[in-house]
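Okay, so subunit A shows up in both of these, paired with subunit B first and subunit C after.
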Partner chain A sequence: MASEQEIIKMVNEVFVESFEIDKAKLAPEANIFNDLGLDSLDIVDLVVALQKKFAVTIRDDERVRNIRTLGDLQQFILTIKKEIGK
Partner chain B sequence: MRILKIACLNLLFYPLFIIFSLTTFVNLGIVVIFSSLFLSKRKVLKLLRQAIRWYGAVIIRILFFPFIRLDYKNYGANDPPGPYLFVCNHRAASDPFLMAVFPYEIIQVVNIWPFRIPALGIIAKIAGYLSVREMPYEEFSLRTRELIGQGVSIAAFPEGTRSRTGAVGNFYGAIFRTALETGAPIVPVCITGNESVPPIGSGWLRPGVIKIHRLPAITSDRYRDFSAFKLKNYVRDIIAREVQAMDQTA
Partner chain C sequence: MKRVVITGLGAITPLGNSVEAFISGLERGDNASVYMPEWEKYKGLRCLVGAPARLENEMLIPRQNRRSMGRLSIFAVQAAQQALGDANLPASTAGSGRLGCVIGSTMGSAESIAEAFETLLPDNDLSKLTSTKFFQCVSHTAALNVGQFLGITGTVMATNAACASGLQAIGAGYDLIRTGQQDIMLCGGAEGLHPTVVGSFDVLFAASSRYNHSPKETPRPFDAARDGLVCGEGSGILVLEEYEAAKKRKARIYGEIIAYNSFGNGSHVSESSREAITSCINETLKRADLTAADIDYINAHATATIQGDKEEAAAIRQIFGEKVPVSSLKGNIGHTLGASGAIELIASLIMMEKNLIYPTLNLKDPDQDCRGINHVMARQEKKIDILLKNCFAFGGINASLICKKPA
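Let's turn to the complex of A and B:
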């Protein structure tokens, strides 16, 4: 299983590869909507990209609704990966 | 002197606006009902949208005059033929009326509240304006593709709400997905000077000059390989730069 740092790096890669967002903007406290500029339709694309990157299904996970910052998302993916690894 | 001007503007504008609007809406209702007996739905809608454009033009060109003047610059003289997707920054409630400067059959993408304005909201609904927050994206996509296919241009304010600082905010991407799906030219439209027509939280109009810059169209040759996210930010940056330049020369 990938380490915590590797997973965080992979989450950031999704933002760079799918949305061409500058790496410098990818701080854990960056708000996905206000700071990174994603809207609800972009979130659908983000979920698809994350599912592909991590080979997980998160589309119907209720916890996705509570994600506001990049840090929240990184922690969510870490949790999901841990749950799968159990 | 300025207070006197503001008082004159508002005392003249609002009574005329109400009388003109009521008269127009009654006449429009009669025309729509009567013409629908003889014309196809498509022709009735075209007529109605044309009438809305005239209504808007009277408000911004006649009822605003001489206190609020328009300075419209068209940098899109060499644009390919429409229909177009007009993408505008959004500072004031008067923005939708300003779309009357464009000589095309246009519908607008609106937020929830314009549909709730008495009479005006009903007419907008009948004319096929789209309340983007009240429909799933699939329906929005279908309706916008149909409209573009019929030759109808679409005006959108992708910030979704009026800017409180004047700075161009983040864009929502629905209209840019329509662009990618249809290949319609995107026309950036920059509006400044109407921050006080009226100011947010007030109904008092202030005199001034409203500048509208229609920038050259961005054709699908330029954007077809962009993602929706990249496209919305690309157009946003173009508009933000021009708005900043317009503010500096104000």
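Let's turn to the complex of A and C:
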């Protein structure tokens, strides 16, 4: 399984590849909507891109609704990967 | 009724990504047809020649606009930007509620539609589809994207009548302005080149297949050795404006639209009908209060299909005899389908301005059944005060438009 740092790096890659966001903006405290500029359509695409990148199914996971910052998302993916790894 | 004039032009074409580049290509007599090696993998596709436009500068469109655009919408947005700039209208006009757009295409982005099915079908899995793919695939994709990109708050509408889409869009914009519903309209068409589109003609034996290894020799409108059309792509957008307002702001006027008409043939879904084309042109002349003798130039639809060209030639022969010069630009840019009416009208307006006619490229020997009309086979200087543009589409839909030189 990928290390924690590798997973965080892969999450950040999605923001660069799918949403053309400058790497320098990808701080854990960055708000996905206000700081990174994603909107409702982008969230759909973010889920699609993450599912592909990590081979997971998160579309109907209730916890997605509580994600606000990039750090929240990184932690969520780490949790999901751990759950799968169990 | 209000008078409607054309005050801005924008074009992305197989001969270049501006009106100037397009006209320079016509001046040189260039043919944009090239061999398409990437189409070799499609079984049963006989036509391996296309007339592609160059996709460039798309990254200048902000991501949140670009994400809903397929290839044809990018072309449409770029052509619309050019047209607005050419008309010297401030960008703020778009949000006035008095400016609208009508832009047609044969279908949504063929490339995006293919990608959507390639994503969806292998596992029958909808969760892999991105949110904006739908907006690239819908039939009004060019209109919606131009509307969103420019911030248009007036009428936003699409015409989808295959190869007559572009001219129908201009006709719809003309109606909206002359009835006072809108003051300024961005009108035209857009199309993306894709093997599935070429295939739709190829299965009907309407696409060129004998010139795969000599692509510059095809398409050959009206010629005895023609063997079908070559698909092209791009976008043509024109700014239509109410005459008094255009005059007041001292806008450059390319021409005045004095009549438009679109009729169905009611007889066959794919075969052109000389009777229906004749009826369509005659009704357009009637609406302009003109006779055949008043027309100085006809920009033909003539795509180089065996059946279509002979029916158009027969209709022109019946109405105009050999008096009026006729040329088709398909030999230069292929058939840009839903964009063709707009792109070719743009060239026709420039011809009217310059008082010259670009010839039908690759027309060397007019076919027996295309004779009896005044084919322009070499660049010809001629005073043009009034021109007729034809477009005919699958589904038996014909359209004609008449423009007059500004007084």
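Here is the rule we go by: the second predicted complex is superposed on the first by the 86 of 86 C-alpha atoms of A that agree within 3 Å, B and C clash if a C-alpha of one lies under 4 Å from a C-alpha of the other, contacts with A are read in each partner's own complex, and residues count from 1 in each chain.
Operating definition for what follows: a contact is a pair of C-beta atoms (placed from the backbone, for glycine too) under 8 Å apart; a residue touches a chain by one contact, two chains touch by 3 or more.
Computed from a predicted model, the values in this text were never measured in an experiment.
Superposition of the two complexes onto subunit A shows a clash between subunit B and subunit C. Contact with subunit C, but none with subunit B, is seen for A:59 once the two complexes are overlaid on the shared chain.
Applying the stated contact rule after C-alpha superposition, one finds that A:28 touches neither subunit B nor subunit C.
Of the two partner chains placed by superposition, only subunit C is touched by A:48; subunit B is not.
Across the superposed pair, subunit B and subunit C both touch subunit A at residues 19-20, 37, 39, 41-42, 45. Note for the complex: subunit A touches subunit C at residues 19-20, 37, 39, 41-42, 44-45, 48, 51-52, 57, 59.
The touching residues of subunit A, when paired with subunit B in their complex, are 18-20, 33-34, 37-42, 45. Those residues of subunit B that touch subunit A in the shared complex are 137, 170-174, 177, 227-230, 233.
Residues 63-64, 67, 127-132 of subunit C touch subunit A in their complex.
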